[in-house]
């Protein structure tokens, strides 16, 4: 269902600012909080005393205190204290490797010994200067793999997002898909000499380009295991090199899709956009976030209803067309990860 | 559970005016839409590409276009086109026989080869001049057979509809039930020399009769397989012949109950009234629809709670009294239809 | 799950004033109403005719009349009459022993022959003069035993009710638990020379004591099988004898917790407070009810979430600390009652 030996985005930093956060990840209820040094900690969300969720409690001196009878827990899952009790023999709660990196809190729901915080990929917009990021969080009523499929086949933009980023030429442009040795999957499409759709016209205007000018548009979707998708998107004035055009002749962004399974039929969707123009313009960041939020909300209903239909017809084989190759390859990688975690023999 | 080789009312025509309609019938999700000629088409509500419900899409050139990636389907369940794809080898969606007749859209959820559109019964109010019809649609939280029972035993009017059409004399009048060779079941009751209840007093006033006059009242319930009930109801001035009284001395209607299973515990209830007086008076049609809608909504809570109770006590045998004979006979017909559809041997 | 051969509080008297009341108790849907003498009657909430809940009907001449087709039932579960029917052969509904005692309606969901109304315990505040009572009813989303646990370990007050009755000294005071031969369990705690928390300061003021004075506080929790908890609580001026202090030097109450299982994961919580000061002051009764209602509502969310967690981890053993001894002993009594009711051999 979900690979466990992997880093998943668990939360945005401000979700674990003061109060603890309870969130189910890969069907594991986990309590997150910040210790006295401000480091995020994560343990299973079950008090060893009477089973109440620890995340309903509060933080005191960097420990997570159960809101029912006051058991205090450390980030290692050991009970530190409880009023009137000797706690040395208390059973431990499971602690999860957790890290705050690149604007997100990440958790490793699998074997702790295998967790290497350096394996969290450094995003381009953190590695380079000149980028700005804005985004949000949606709870999606579907298997996380349906959302990966969605993002690895952008022909849906023409239909689901017709009024913003969709346009007929997406359907008409051929798509090329490749599997990289790293397990990443890239599926890309280029459209030359077209008019930009409304979302990109607004971005051109914001960046000082004539929104009516003909452009070359690109979409390069990159699946990053276990379940994230980063998409290079943008438009450049026609004939300037597209993705490789000089800065002044293009508008380029990365659509960020960090997808974290919650259960077999739901997932957390940390979406956002990192842009390489006007990074200091926070009003523009807000405007893009609002626009992107509306666009991505359009996917929610169709994914919910697709999920319901697939549950109703579990044995029905779906088509795997050329446009689906990105999702198909991504699922193969996920299946390999699952097989590697399965008990032997 | 439900006979499939039968015509069921699927929708009212204006429900499939512009946009497609998705509706579950006999546990089968079905998408309805109008083709270029305005003919209603019906296919299973599952896109062969990725399983999204086709009914979330739109109609273009008479074809149903999936709202996710643009697959276009014809009324025969064959994919007509999809951007950038050769669709000849695509698997077919199941197409359902469908017809628009007598003010409703009908669907045949069973074997298409057995569907004969001429088997849809012609209602009296379409066969004759001088009738008007008004009605509505309710989603009922019960097995469709509980609603058939409800309508084949009108003694419930005294209790559930006490303020409108109920009256003590219903309970007191004997009921006679007969099974016709056609599989129809008739259960009828006549009450002589009584005062009309409020609903019928209003109808008498609307028709120029003294609402305080003594009347003869009739209720002739007709079960029409697989699951519909048509009820001749009315009052005539006392001693004028009741149902057979001359037009000027009576107020007569047909209560129309087209009942279509949705699932094992829910159904669609197309209710209405066809009346044989003042057919041109559309304000009267609206007033009757509103009054009938309120009355029929009174059944909803008791049927929901009856359904819950029966699910809790599935093995409890219910009584089958004389007043229940109509429902009991109707269920026998339904059971015969089910047996005829069951696999042999 | 629940002992059946026991008296449970089913309702407050005014819940069965005019209309019938339907309530599920120990997973048994039961209809309650008052007969012509005002005596409460209780039968299973299932009409023998067609299975509708009898509690949806009405009372006529002291009989419960089904709101669907008018079957009238007596308190013995026998059908008394039905319009147009001979009812002698109708199957009986199950009748439950029921009694109105000490301000509540009690029901015995088990074997009627074993029900002895004199076994209903007489509460202190009915046996003596000078008491006043006020309370309410909550529907709790948890196994009734989790609520018993909650009330037999008041260290949770420090955390769940920090702003009203909680205080640090509860955690610090040792607790003593004993099992009485009657099957009652007592767990008690005494705190000497402390400052009263806000709720008790208000009670001291209402009773003419200085709210800032140092006090001795007591909590004596008494589990009364099958599932009720009565708690002697109060504060006395320091050194005056605590619970045994003279009336003028203390404020004493009994917290009343009548707990009745609804299902495996829900229960009815009849909570209240009987106080032994200013019994004639109805405004004070209302004020205490409002304050107590707010305090007890604070338990609801944590119990709901604890229940969810325990369902998710059904095999996880919980800790049984000294503070949990009251609940642990209470569950042993419940288990003995269940074993006594289990089929032999």
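Lettered A, B and C in written order, each chain numbered from 1.
Heads up, the rule we're going with is that a contact is a pair of C-beta atoms (placed from the backbone, for glycine too) under 8 Å apart; a residue touches a chain by one contact, two chains touch by 3 or more.
Which chain is which protein? Per UniProt: A, B, C = Aromatic ring-hydroxylating dioxygenase subunit alpha.
Remember, it's a predicted structure, so these values are computed and weren't measured experimentally.
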Worksheet entry | For chain A placed onto chain C, the superposition rotation in degrees, Cα atoms, nearest 5 | 120
Fill in: Same or different contact residues where chain B meets its copy chain A, judged by the half mark
different
Response to the item:
CA centroids of chain A and chain B: separation to the nearest Å works out as 48
Worksheet item: Which residue numbers or ranges of chain A touch two or more of the other chains?
Response: none
Discussion item. Residue numbers of chain A touching chain C in their complex, please.
Written reply: 29, 45-46, 48-53, 56-57, 65-70, 82-85, 90-91
Discussion item. Under the stated contact criterion, what part of chain A meets chain B in this complex?
Written reply: 149, 153, 155-156, 158-160, 171-172, 174, 301-302, 305-306, 308-310, 312-313, 316, 318-319, 321-324
